[in-house]
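Structures given as structure tokens follow.
One chain, chain A, links the two complexes that follow: it is found with chain B in the first and with chain C in the second.
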Partner chain A sequence: MSSVGNAVTRRGRKGVDGWRWAGRIFLLIMVLYTALPMAWMLLTSIKSGFAATQFPPQWWPSEPTLASYQKLLDPQNSVGQDFLRFFWNSFFVSTVTTALAVAVAVPAAYAFSRFRFPGRQFLFFSVLLRNMFPAVIFLVPLFILMRWLGLVNTHGSLILTYLTFGLPLAIWLLKGFYDNIPVQLEQAARIDGATRFQAFLLIVMPLSVPGIIATAIYSFIGAWNEYIYAATFLTKNDQLTLPVGIQRFFSENTTDFPGLMAASFLMSVPVVVLFLVLQKYFVRALTEGAVKH
Partner chain B sequence: MAQVVLKDLVKTYGSVYAAKDVSLTVNDGEFVALVGPSGCGKTTTLNLVAGLIPITSGDIVIGDRVVNDLDPKDRDIAMVFQNYALYPQKTVFQNLAFPLQMRKLPKAEIEAKVREAARVLDITHLLERRPRELSGGQQQRVALGRALVRDPAVFLMDEPLSNLDAKLRVQMRSEIKRFHQDLKATIIYVTHDQLEAVTMADKMAVMNGGLLQQYDSPANVFANPVNMFVASFIGSPAMSLVPLEVGSVDGHTVLKSAEGWTLPLSERNARKVATASSRKVVLGARHSTINLHKTQVDGTVPAKVYTVEPTGDITFVQAFLAGSIVNISLPPTVHVAPDEMVWLEFDQDRIHLFDGETEMALRAD
Partner chain C sequence: MTTITGQLSAAPEHIARRPNLLRQMWMSRADYLYVLPAIVVMLVVIAYPIYYTIDLSFFKTPPGLQLRDKIFIGTENYSAILSSSVFWKVTLNTVIWTLASTLIAFVLGFGAALALHRDFAGRAILRAVLIIPWVISAVAASYIWKWIYHSDFGVLGAVMVQLGFLDRQPNFIDNVNSVLPSLIVVNIWREFPFAMIMLMAGLQTVPEQLLRAAKVDGASTWQRFWHVTFPHLRGVSTVTILLLAVANFNSFIIPWIMTGGGPSNASHIWITHIYELAFGRQRWGVAAAYSVLLFIIMMVLGYFYVRALSGNESKEHGA
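What follows is the complex of A and B.
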């Protein structure tokens, strides 16, 4: 009897192993799929302009050079001045968007999660309405609206626009986090002498930090990468954001590929740094031990 | 410590009554258990007292204050939650200190009170840990400690033991009882476990369907249940209830079964059934008051054994009597087998009689 049992188990385990290997191979392909273009971007950015367009391609640059980076980060020449200004513009717009989105989404999501009020369900789904349509559909209406508000050619137009799609998703995301914080924690705090607001501030807020960070990163990346509105609402050179500004590396006759790749790489740095700094907040399950199920 | 008075307390959700006209007085220093099945309104009632949900109508008085519209923090209560609700980001010390910090006590006093509470509950060695590093029993103690670290007017406990394993539950049960005796605390304790209520409480409030069914000492509730619900809810195994009809044989009042047997009633019990609103009467008897005979004796009625459950010192037998299940307890020396015919003898002084229509207990006077 036991030998039969063993045989079954062994076959079962082999089946699991087969799937596990298939999964690993699949993951490996996915990693290469995402990592290789980035590796190629990095390699190209340290080539000379001639080496970058050579065929057959140089897999490894024969004469690696940081010239493109020096050019981009040098405030003395015009390319560097532009790049740094675009970088700052993008950073400013994304940061303000993120700060506003979080500031509004935290109380809104908490209200949706905890309070029962008339029209709650309707309001909650209507915040997603904006996200059900492709961004292009709102391009002209929003442009007209921004002109009416006198915000065309200001960063305010972008911040407002990014909030229209960043905020609903931020609320939606955060509500999920608040739903997972046991309501008894707040009740306990209120019985222990806290007001409703103190219970929120002292007990719930610290526990929702991972949610707030996730929401902030999401909102930041959305604003950081946005192209189409930035290209439409802004025309003055000194206001452009990075995704639009990088276009300048394309020109009719030649494209400065190493410069383009170096700029792309520098553009990805803030997002990666943001992740690295904040990732430790994700792995900690903060509410563990709060309640016994 | 203080007394708590509930007057005609009502809580509705739309047209549904979660609590209906609940009135009871918890005296200073009394341990009252709110007991009933799921959804009976006991937790709702507790949350109303705590102020976590607003009341629809009625009054709640704690001490000499009407607290209907006060915030939970101003009601001078402490509460232990079923799932403990410990603050996960705080250490045990910080958990215990939180209610005192909220009341802006000086630091040295907080330190002293937390240490004292920790000493009483034997959790001093855990003060620097966080809730997730504690076992279920330890978390339970911390939850209790957070309640007793200040002296509230009332302790509210919402099924504090139901998430513990069986052995720990029995241990904590006696500890909470001891805690009540030492502190002379006023405690309102919600449980669905009638055994907890019976063993711990000075008085128990049996609830069902949002209504308070009976409010009395456990002994009185056990001995004189006011209706069939209370009779079947309190006691383990449950009181057996057998629907029968009133009849008469030779001028004597008897209970008749559909199968044709009759059970003569004592003079006092006959007066009880005379007050019934119809001929339908329900006979109630606890397992320990029923005698089992292997052969027919005068005054016994026939039943058929259904299951036999030996527990060691007592054997519980379930038998079919007039279509209803009857629980009987036997000494382990008596052996019966499933499907065996047996004869049951009821103790006339200890049976309960209920009106078959209103389900209320019938009284002799």
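What follows is the complex of A and C.
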């Protein structure tokens, strides 16, 4: 379909050219705006502390070094120990959050998509509304709740709170997927004698695997990048997740710019790799709810 | 067995409505089991905090959050907020931050989506590159840009000096006048990809035949965009702008990590201000009152959000 469209636009060369060039130039500017800061992060991370603080800056590192990465990833020295522990904490919290969010969201999203029970609209929108409220509103009461439950300084406090923003998003994304799976498939299964739950488990679940993958990536990235709850609930160094750990560490070592850039890069690697590998699901899921095909 | 409760057909609910709501709820009791876990989690971590915040906003609670010693002071926290000059400063900042970030991110995302709509070599790579800022953590983004803006060694200032625009390293984020725009640039950097993704998906729903028909009728590129493409994107655009506006109104990490609201409150927005009042200055009551005000604002915005979304929904059911 799009190839036909292309052929048509190509025919009208004259009128289109101006717009096409404008598009190309705009795209070039946007790519520079996006990529240059990331490139500068990488270039800084392979400089020595001395080389990073020169004026005018070394546009290209004259003596590239991986010293910052070695320091951060070396389990023998104390910086490396901390960094690797933050990394593990982030990984643990994000994984558990993701598993729980998906497990709770799948039945809920399915129900919102298929069943017509009284209060469905109200419940769905109150779930969605949660997404609109900033973490800060919930911070103090949740802090009190966690203190009461004895969860301050544990990863349990983070997993529980991450569910609050992971769940509504997960339900919304998954509902979009279920809405686009034809009801007739389940009806056929029901006629063949399957119970409603069997139809859900055996027919719909396998079809919604892409949606579940996408939802899982979103939950994972959201939890991986979360900062404000982690900064409030955790004070002990060995519990910190990456965003908070890096902030604490570099507020003490304010001039280690290559180290800071290397840490920022390493922190971004898992989520960027996840995104690049599973891009297809990622983009589709987000737009499924907002755009109807 | 489950034939009564299992209403798999997409029968319009308003027909089966009324006679007896309780009976209907009882009949669909199996349906509620599916949503029950979600509702329980939501109640514990949402309804309870909201109730508690409202409660706290009428009390003066001592530092350290010693709840036993809180004193009822009525609406004093609210009047303290409305009479402080910081409140108006922070509100103005929030409005500028939210409007500028939302509109510019939307326009840039729209432009990028249009430019990427046609297939060309390297399109997939460009698209991936453009999305990455949205995926990486806001903490990492804040540090990257803080380093770029650095008042001694920042590369942006150095480029400007080298090109002869300035004669010495400028102070982007330690300056009352330039701090807010500088942070907005960072925020847009992280957010325009979201608008781009949404609109790229939207563009795929624009019927190709209509564009061709318009072309045959002699419509110019601009006319085709304005009269065919744009009206089709109205639904996606509304949702995108609302989501961006909510996200921007709620942003915290970028201003907090980059400036902490300074210098002299020039980059404080509501959320960072509330956070500082609570966990920095331990004025729990005032922070709670702020949260309640914010809650009310969000309810108003939420009303429009739900309306925009259910607009989509009813169209879908109608089709």
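In this text, the second predicted complex is superposed on the first by the 246 of 293 C-alpha atoms of A that agree within 3 Å, B and C clash if a C-alpha of one lies under 4 Å from a C-alpha of the other, contacts with A are read in each partner's own complex, and residues count from 1 in each chain.
Here, a residue touches a chain if its C-beta (ideal position, glycine included) is under 8 Å from a C-beta of that chain, and two chains touch if they have at least 3 such contacts.
What you are looking at is a predicted structure, and each value in this text was computed from that prediction instead of being measured.
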Looking at A:P56 after the superposition, I want to know if it touches chain B, chain C, both of them or none. Which is it: first, second, both, neither?
second
Once the shared chain is lined up, is A:R24 touching chain B (first), chain C (second), both, or neither of them?
second
With both complexes overlaid on chain A, does A:R190 touch chain B (first), chain C (second), both or neither?
both
What is the contact status of A:G211 with respect to chain B (first) and chain C (second): first, second, both, or neither?
neither
Considering only touches as defined above, state whether A:G259 meets chain B (first), chain C (second), both or neither.
neither
Looking at A:P270 after the superposition, I want to know if it touches chain B, chain C, both of them or none. Which is it: first, second, both, neither?
neither
Does the superposition put A:M41 against chain B (first), chain C (second), both, or neither?
second
Compare chain B and chain C by how many residues of chain A each one touches, and report the one with more.
C
Chain B versus chain C as contact partner of A:T232, first or second or both or neither
second
A:L123 in the overlay: touching chain B, chain C, both, or neither? Say first, second, both or neither.
second
I'd like to check the shared interface: which positions of chain A are touched by both chain B and chain C across the two complexes?
187, 190, 195-196, 286-287, 290-293
Chain A residues touching chain B in their complex are 182, 184-185, 187-196, 198, 203, 206-207, 286-293
Residue positions on chain A within touch of chain C in the complex are 1-2, 4-6, 8-9, 12, 15-16, 19, 23-24, 26-27, 30-31, 33-35, 37-38, 40-41, 44, 52-57, 104-105, 107-108, 110-112, 114-121, 123, 125-145, 160-161, 163-164, 167-168, 171, 179, 183, 186-187, 190, 195-196, 199, 221, 224-225, 227-228, 232, 242-243, 246-247, 250, 257, 260-261, 264-265, 267-268, 271-272, 275-276, 279, 283-284, 286-287, 290-293
Note: in the complex, chain C contacts chain A through residues 1-2, 5-11, 13, 16, 21, 24-25, 28, 30-35, 37-39, 41-42, 44-46, 48-53, 56, 65, 67, 108, 111-112, 114-116, 118-119, 126, 128-133, 135-140, 143-145, 147-148, 150, 152-153, 155, 158, 161-162, 169, 189, 192-193, 197-198, 200-202, 204-205, 208, 211-212, 215, 220-222, 235-236, 239-240, 246, 249-250, 252-253, 257, 271, 274-275, 278-279, 284, 287-288, 291, 294-295, 298, 301-302, 305-306, 309-310, 312, 315-316, 319
Interface with chain A, chain B side, in the complex: residues 50-52, 71-73, 75, 77-79, 81, 83-89, 98-99, 102-103, 130-134, 136, 139, 146, 163
